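Look for subunit A in each of the two complexes below; its partner is subunit B in the first and subunit C in the second.
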Partner chain A sequence: MSPIETPRSAQAGTVESMDCLVTVTASGGGRRVEISGGGTSRFRDVMEKKINQVLDGLGERENVTISVQDNGAVDLVLGARVEAAYLRFREAIGE
Partner chain B sequence: MALNAVKRDIPSYIEGYGKTEEKLFAGAFARKPEGFSAGKRLRSRTPNDSTKFLGSIKEAIAASGIKSGMTISFHHHLRNGDFIVNQVLDECARAGIRDLTIFPTALFGVHKAVIPHIQNGVVRRIMGSVNGPIGQLVSEGGVEIPVVLRSHGGRPRAVIAGDVRIDVAFIAAPTADIGGNISGRAGKSACGALGYAFTDAEYANCVVALTDNLQHYPIAPISIPGIYVDFVVQVGSIGDPSGIVSGTTRVTRDPLRLLIARHASKLIEASPYFQDGLSFQTGAGGIPLAVTAFMKEAMKRRRVRGGFGLGGITGYFVDLLKEGLLKKLMDVQSFDQEAIESISSDPRHIEISADWYANPWNSGAAVNQLDVVILGATEVDMDFNANVNTEADGALLHGIGGHQDTAAGAKLTIIAQPLLRGRIPCVVDRVHTVTTPGEVIDAIVTEFGVTINPRRQNLIDACKETKGKDSVPLVPIDELAMRAKRMSGLMAPIRQADRVVGVVEWRDGTVIDVVRQIFPENISS
Partner chain C sequence: MRRTMLYLPGNNPNMLLRGHLFGADGLILDLEDAVARSEKDSARVLVREVLKHREFDGCEVTVRINGLDTEFWRDDLAAVVPYGIHGVRVPKVETPQALANIDDALSAIESAASVPVGATKVFCLLETALGVWNAYDIALASPRVTAIIPGGEDLAADLRTSRSKEGVELEWARRMMIVAARAAGVDALDTAFPRVTDEDGLRRETEFTKQLGFDGKSVIHPNQIPIIHEIYDPTEAEIESAKKIVAAARDAAARGLGAVSVDGRMVDLPVVRRAEFTLERSGAMTERGRA
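And then the complex of A and B:
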């Protein structure tokens, strides 16, 4: 029997209105940020800035892909979801 | 380019629309009509003429004389259940007819089947509201000629004034007789009022009624008399009842929206219009229905008896009528089963045409008698201008409806809306598209309170007099816009081209704004 595979991703958030669903997965090289849905037409730049700010603050070293399915989350919510998803990811990979 | 009265730069010539110099919006009541109303083809019938009855849409298309390049009209009383628009266009395509202008009172999701007809050249132009996939197509430049948007009152005005000539009107008729008399009250596809169909029947050069409930002559009661109707076509089904009658719209249970409704209700109660005879229109949205519920409570508590309820009628308004809190209902469009049953059985529930409801160019539309209207908007700005047509990304996805007409007519026009929809602010420095000018909008109500247009000092005074649990929290417009900005963050500008894809007419036929082509969003980052 093969050992249980180490989970390679973690999530936080919901797809409710004014929230977002954030998924963090390991990536080969370089941090990747993917955003889709709700606020992207007018807020893509500020969302990217917020996400990078939170990840930098947590000491993330450009090893993850972060995918945000947005449903109109304001920065406060977006930041909290990114933080939670990233911390869960670290926990899952045993750091 | 020239600035109109709401400071919008309007091109002096719009390809596919025409010159605008004489038609710049100049103020809500600035443009006055001259001359006489438009005419239509004279016709006669003798007792020996063949019957009006035809067995299929195909025969009707041949009999009506539709040719390529003509204008054909439809009403939207069957809403998302309508079978007629798609079927008529399919038959036109089969008959080799092209370059049609379609002039619907509104289109719904079910009409996405029109898109292939746009792409294959059967439909060349749309005059009327666009939404969903058709709206997206128009916004991204997929229709060559700009869409012209008119309000519920502006549309009959355009027909009566001769701005638009209808060659053939196709009228879906839930009940009809062999003489062409029509009613929406009975039949398996009953829709109640047929308000939007009247002007088309009266002014089209040819009128075709399509029914799935053919009765002996004459039916009673009659909405549109057969003197206007040239052909009666029997079809299997004109619509899907589940799409015609929306499930009963519910009062919102969202605490934020209930709070907004509570603020709006308090404002109405504090206003000088809250007295016996009060007339109002609230439509079918979640917040307006909640306002209706709160007003009902306030009317009972203060023993105020209302006058009439107007517009699209729901079961909530029918209850107010039954309980004696309103004396009459004036119904242009019956939204639900309760409304359809009421208009069919209660003579106090009056069917009115769109002309009667909202046209600025007649001898007095019903909106002029309105005290209070509760409306929504995708955004409002520091000048109190409201946008109901375009979304945050600039896509043209909504019609005007009765927004302009009721705002212009009512003594107290309230926009009730949360400050943010998702992350998108509803109060901004400058709306992307002006649908309704701030001069006819009196108050914006959000979860933060009531924001009164400075032009309405009497309302500000009335609100300041309120005390205790009835007190109305006032918020200035600049504070509201600042709060929205703080919560949402900095918005990037909309990426748009110069090309005009939509013309928004004010109800008097002047150009209040234009909508420009947008670029579909680039997903990768």
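And then the complex of A and C:
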């Protein structure tokens, strides 16, 4: 076993109003998207589409779980937080 | 017009998305002091997306990048310049050489992004004694420079003093800024008033800096905007008087006369220029054309 544990997750965003907190975690069995928060039931499809669009654009190959804690983030904020979290994740795992 | 330019923290979606609703003449999307070092990357992406997707109701939109002594400023420029901002605010400019570095970086990004080279203007924050001393040379160092702005807290610290209620420690730097800006043909914009609940203090300081000649002031809270606008906006009486002066000057010019008298006062070129400036501020000149 390696003496140094490789970081396996990264976050971006906040839980403030109009923002969201995005956590990216390594996972082996395909990309998973988890969304929680106030407007989730109404906007889940739109949010999932945006998240997948951003991850596809960044070349993500379905090896992560994305958890979004939403507090009223509009599309562009969600996309920005997913991008920042994913880029931090890649940096953390040394890619 | 640059009566007010409102700072918006670059990592705060709420302020970035609503900032244009407060009626400031300009917005400053801030990637520098308002953003913690650990959040620079995230704020940069957020500000880029806001610039890409949002309209700002005619506000002049600028981004305050991180200082040239940091590892962030080139990435900041690369993220925001392609999206058609009016300008960048550059902190702690001290020498004309700094403008050469900014100019080169901006030109490369503009060129690659099909933005007309030179379109992105530069607002120079002069936050050290050396920067203030070099104000005129900095203002002339690049045609991109459109305004110079004295520092507040940083400048006071560099002068080995602190900010007082009366602002006496910044007075000389402010006067210097006006002379340098006018000599170089750029705007002089004042630093923000830091005490957001002190309306009387803001009013006093703005009246003073307007009288010195400043074109406007940075703002750190939306409540400061109407107070500053009220001080900068010409009164009805000033507008009427200015209209009379401009009309008399046109009439005199048409009749081949030099100075004329309006309400018992001699009207010569400096008076006409001041009247035109008053009408510009009131918006009337845009309808009437220049005399």
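What we mean here is this: the second predicted complex is superposed on the first by the 93 of 95 C-alpha atoms of A that agree within 3 Å, B and C clash if a C-alpha of one lies under 4 Å from a C-alpha of the other, contacts with A are read in each partner's own complex, and residues count from 1 in each chain.
Everything below uses one rule, namely that a residue touches a chain if its C-beta (ideal position, glycine included) is under 8 Å from a C-beta of that chain, and two chains touch if they have at least 3 such contacts.
Not measured: the values here are computed from a predicted model.
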Clash-or-fit label for the pair subunit B, subunit C on subunit A: fit
Touching partner for A:95 - first (subunit B), second (subunit C), both, neither: neither
Which of subunit B and subunit C A:16 touches, first, second, both or neither: second
Partner chain(s) touched by A:83 [first = subunit B, second = subunit C, both, neither]: second
First, second, both or neither for A:33, with subunit B first and subunit C second: first
First (subunit B), second (subunit C), both or neither touched by A:41: first
Shortest CA-CA distance between subunit B and subunit C [superposed frame, angstrom]: 5
Subunit A positions touched by subunit B in one structure and by subunit C in the second: 17-18, 73-75
Residue ranges of subunit A touching subunit C (in the complex, touch as defined): 12-14, 16-19, 73-77, 79-81, 83-84, 87-88
Subunit A - residues contacting subunit B, complex: 17-18, 33-36, 38-46, 48, 70-75
Of subunit B, residues touching subunit A in the complex: 392-393, 420-424, 487-492, 494, 521, 523, 525
Contact set on subunit C toward subunit A in their complex: 11-14, 17, 41-42, 45-46, 48-50, 52-54
